[in-house]
C-alpha cells in the first residue's frame, strides 16, 4: 500500500514535469520551428505599441529570447520554483516564487492575479460538482432500478438533452428566465466572497452552479445507470439478497459501491479540469474566474498569463488524478495489491 | 501402446520444457521471482496415440499445451516435432508447422468470432495458409462440417445459432481444416453439458481413427482423461509426477498425489459412498510462485519424510513404461531412490488405501 | 406435514421472445436431516427452482404460482418482507463460484457479520466473534486473522468454505447448494463434500444440492430429482436412480458419463441432440426429440405430456412407456452396455 502511494506520487511529479515541458514547447519551441523570430516574441510581449524596431530587438535580447531554448526553459522553471526579477525598463519588478511570469502588457505579475481569480472558480467548481454528483448518481441509480419505466425514459431523455445542449444556450436561457423575467436569481456579473457573506455567495452562484451541473449530471446519470445495471446483475448481489438483506442495503452497500469506480475516475478528471476555469460558464455569467481570465489573456495574446493558466490547470488535473488513484485503493481492496 | 525404449521416432518430443513468468514488485518493478508455471517437463507422443495431461489448477497443463503450439515462448527446454527442433523457430518457418499442430479450446462461446459465419470460421485456415482446394474452399469446408456431424447446409449460419455442443464441433472442424497431425485439446468438453460431453468425446475418438490423428488432451476430469487417453501424465505444480499407460496409472497408481486425485473423484454409486477408502488431502495446491522445495507435493503428502523436503525425486521408470517422481511410491516393492530409509510414515495419519508399505 | 413441500410450483418469465417456462409444475417434499439432489443440464430449471424457494423472484417480472410450504408456512403467497426475514435465517444458499458470489470490496468477515447482524440484534463485536467461530467451524486456519482478509486473498477452496460459513452463520434449517463444487479442483471438491456432509449431520438441516455432476449427487443425496425442460422427469431414492433408473433421459445421463469405478467402455452412449431451449420446449414429452424409444409410444410422445407416475415405493417417472417395458429395456439393453469391458 505504501509502495502504491509512493509510486503514484512519483508519477504525479513526473507528470507535472512533462506537462511543463510540453507547455513550454507549445508556446516557445513550436513557434520557433514555424519561423517566428525572437523579435516577434518581444513584439508580442510588449504589445508593440509605438516601439521602434531597435527597441524591440534590444528588448528581445534583454528578455532572453535569443538564448538557447534549454536556457529559456530553465529560467522559466527557476522562476516558478525560486522566483525571478523582471526589468520593465522603468523599474525592476521582483516576482516571488511561484513566479509564473510577468505580463508586460498589463504590467502585472501573473501569480497574484491567478490567486485573485481562484476563489471564484473553486466556488463554482465545488458547488456545481456537489449538485451534479448528487443529482446525477441518484437519477442514474433510480433509472437502473426501474429500467424501461417512464421515469427511466424521461430521465434519460433529459440527460440526452443535457449532454447535447451547449452551456451558453442553457446558461442564457436560464438567465433570461430566472433572473430577468422572474427575478429570483442573481443576474450574473456578480461574485461575493464566501468569507464575507455566505448567503450572498450562494445566491450569486446558484444559477451558474445549476447550469453547469445540468451538463455534468446528465453524463453522470448515464454513467451511473450503466454501472448499476452491470453490478446489479453480479453474483454477489444475488448473494446479498440471499442473506436476507433489505433491498436498500443491497442497492447502496453492495450495488452502488461496485458501480462507483468509473464514476470516481471521471469525477476526479472533471473537477480537476473545472478548477482550471469553466470558460463557457464564466463567460456566460460574466464571473471573474480563471476561465474568463484565460479568455482575456488569449484575446490579448498575453503569453505569460496563458502559460500560467495552463500550468495551473495541469496542476489541478494531475492532483485530481492522484487523488482518484488513492481513492481507488480505498474503494477497491484489490488495487492495493499492485 | 508405448514401451520404453521407443522403437519409432516420436511425433512430438518435449525435453525439460520450462516457462517461468517473471513477477515484479516494489517501486522500480524489479523482478523478485518467477511463477514456475512449467518447470522441466519431458514426454514423448508417438503417432496415433493420445496422451492425457491431467492435474489441478495451477499445475501447468494448459501452459504446456500453449508452449507446444508455440502460442507462448518457452523460457527453457526443447520441443521437437517429427524430429525437428521447433523450440525457437521463427514465425515464418513455423507457418507450415502450424498446419500440422492445431489446438481445440475449452470455451466454445468465446473462441468463435460471433461476426463470422461458420463457413468463414472453418474456411479461414485455408485462406490464411493460402491453400488451393480441388473444388473450392466452400466444398472443402462442407466436407469437414459433415465429418464433425454438422449439417453442411449450415455453412452460412453464425455461431450464436448453434448450441454449445455444436459450437464445439465447429471449433473442432476449424482445427481439422488443414489435416493436422497433432491436435492439442485443452479441456475440450469441460464447458459442455454432460450429455453433450459424451458426443464430443466420441467424435474425437472417431476422428482419430478416421484421420489417424495424434492427441494431447489436457483436462482436469480424470474420468474423461481415462476414457480418451492411451497414456496419462499427472502434473503437479509445473512438473510431471507420474506418467504411465492408462491401465497402469489408474489401476496401480504409484505417486501419492495420483492416489489422492483418484480417491477424490466422486463415484456415481450411492452404495459405495460408505465403504470407500478415501485419501483426503489437506488444503489447496500451493502457489506456483514459491513452490515448496524438493518434492513439491511434500506439504500435502501423508508419506512425506525429511528426504522429501531436501532431495527432489527424479522422474524414473519403476516399471516398464511407468515413470514416477517419488521417494516412497505406492504399489511398488523396490526402493526407488536407493537412499530412503525404510521407515513408516512418521506419526502422520496412517496411509489409507491399498498400498503396500514401503520397504 | 413435511418440513419442505413444493406443490405444482411454476415460475414463468415473460420475454420478448415468448414465455419462458423455467419451472413448470414441480412438486417434491424434503425432511430435516435429509438431502435431495436435483440433477439437470443447463436450462433444465434447476437453479431457477432454488432461487424461487428463497423467494428471490418475488417482485420481478416472473410469474410464480403453486405452493411452497416451509415448516408449515406457505411462501409463494407470503409478503416480500416476510420472506426476506426468512432468507439467510431459516433458509440459506451456497453458490457455485465463491469468487464472484462474494463482494470483492468487503472483507470475508464483514460479509459474514453483515449476514449475522441482519437477523440478530447484536453488537459488531459479538457478531465478529461469531464470524470467527464460523470460519473455524468450516476449517479455515487462523480464523481470527483470516476474518479480515478479502475474498481475493483466499484460495478457491477457502473461499467456498467462507461461503459455507456465511450461509450457516444463522443456523438455517434449509440449505440450498447450487453447484457448490463445480468451480473447484478435484481434491478440494472432495474436502468440501466431506465438510457439507459433516455440517449437515451437525446442524440437522434439510439440504438441497443442485448439480449436473452425478458423482457429487451420489456422494451426498438420499433422494434424487432429475429435471428436464422445467419438469421433474424422474424422482426416487439415490439407489433407485442409479440402480433402477426408468427414464430414458436418466439412462442417457448414466451412459454419457465415463466412470472410474468400472472398466472403461469402448464407447460412451450419449444422448443425441441438445437440451431444449425453454422458449421452445417440444410439445408432448419434452424429451421425445432426443429419445430413442419415442417411436414405441404410438405417437403419444409428440402430442401428450406424460404424467409423473409412481412405479413403486416413491419412485416416480414421467414417461409414456409402460413400467415393465422400461424395466426390460434397462435390464437388457442399457445396463449390460454400461458395464461392458
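Note that the chains are named A, B and C in the order they appear, and that numbering of residues resets to 1 at the start of each chain.
Assume a contact is a pair of C-beta atoms (placed from the backbone, for glycine too) under 8 Å apart; a residue touches a chain by one contact, two chains touch by 3 or more.
These figures come from a predicted structure and were not determined experimentally.
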Per Cα centroids, the chain farthest from chain B: A
Chain pair that, of all pairs, has the most C-beta pairs in contact: B-C
Whole-Å gap between the CA centroids of chain A and chain C: 55
Mean-CA-position distance for chain C and chain B (Å): 31
Sequence positions of chain A contacting 2 or more other chains: none
Contact set on chain A toward chain C in their complex: 234-236, 238-246, 249, 254, 257-258, 331-334, 337
Chain A-touching residues of chain C, taken from the complex the two chains share: 51, 54, 56, 84-89, 92-93, 95, 97, 100-105, 107, 114-115, 118-119, 150, 152, 166
Interface residues, chain C side, partner chain B - complex: 41-42, 155-158, 185-191, 193-194, 212-219, 221, 238-239, 242-243, 252-261, 264-265, 267-272, 274-275
Residue numbers on chain B that touch chain C, as the complex places them: 56-57, 163-166, 193-199, 201-202, 205, 220, 222-224, 226-227, 246, 250, 260-273, 278, 280-285
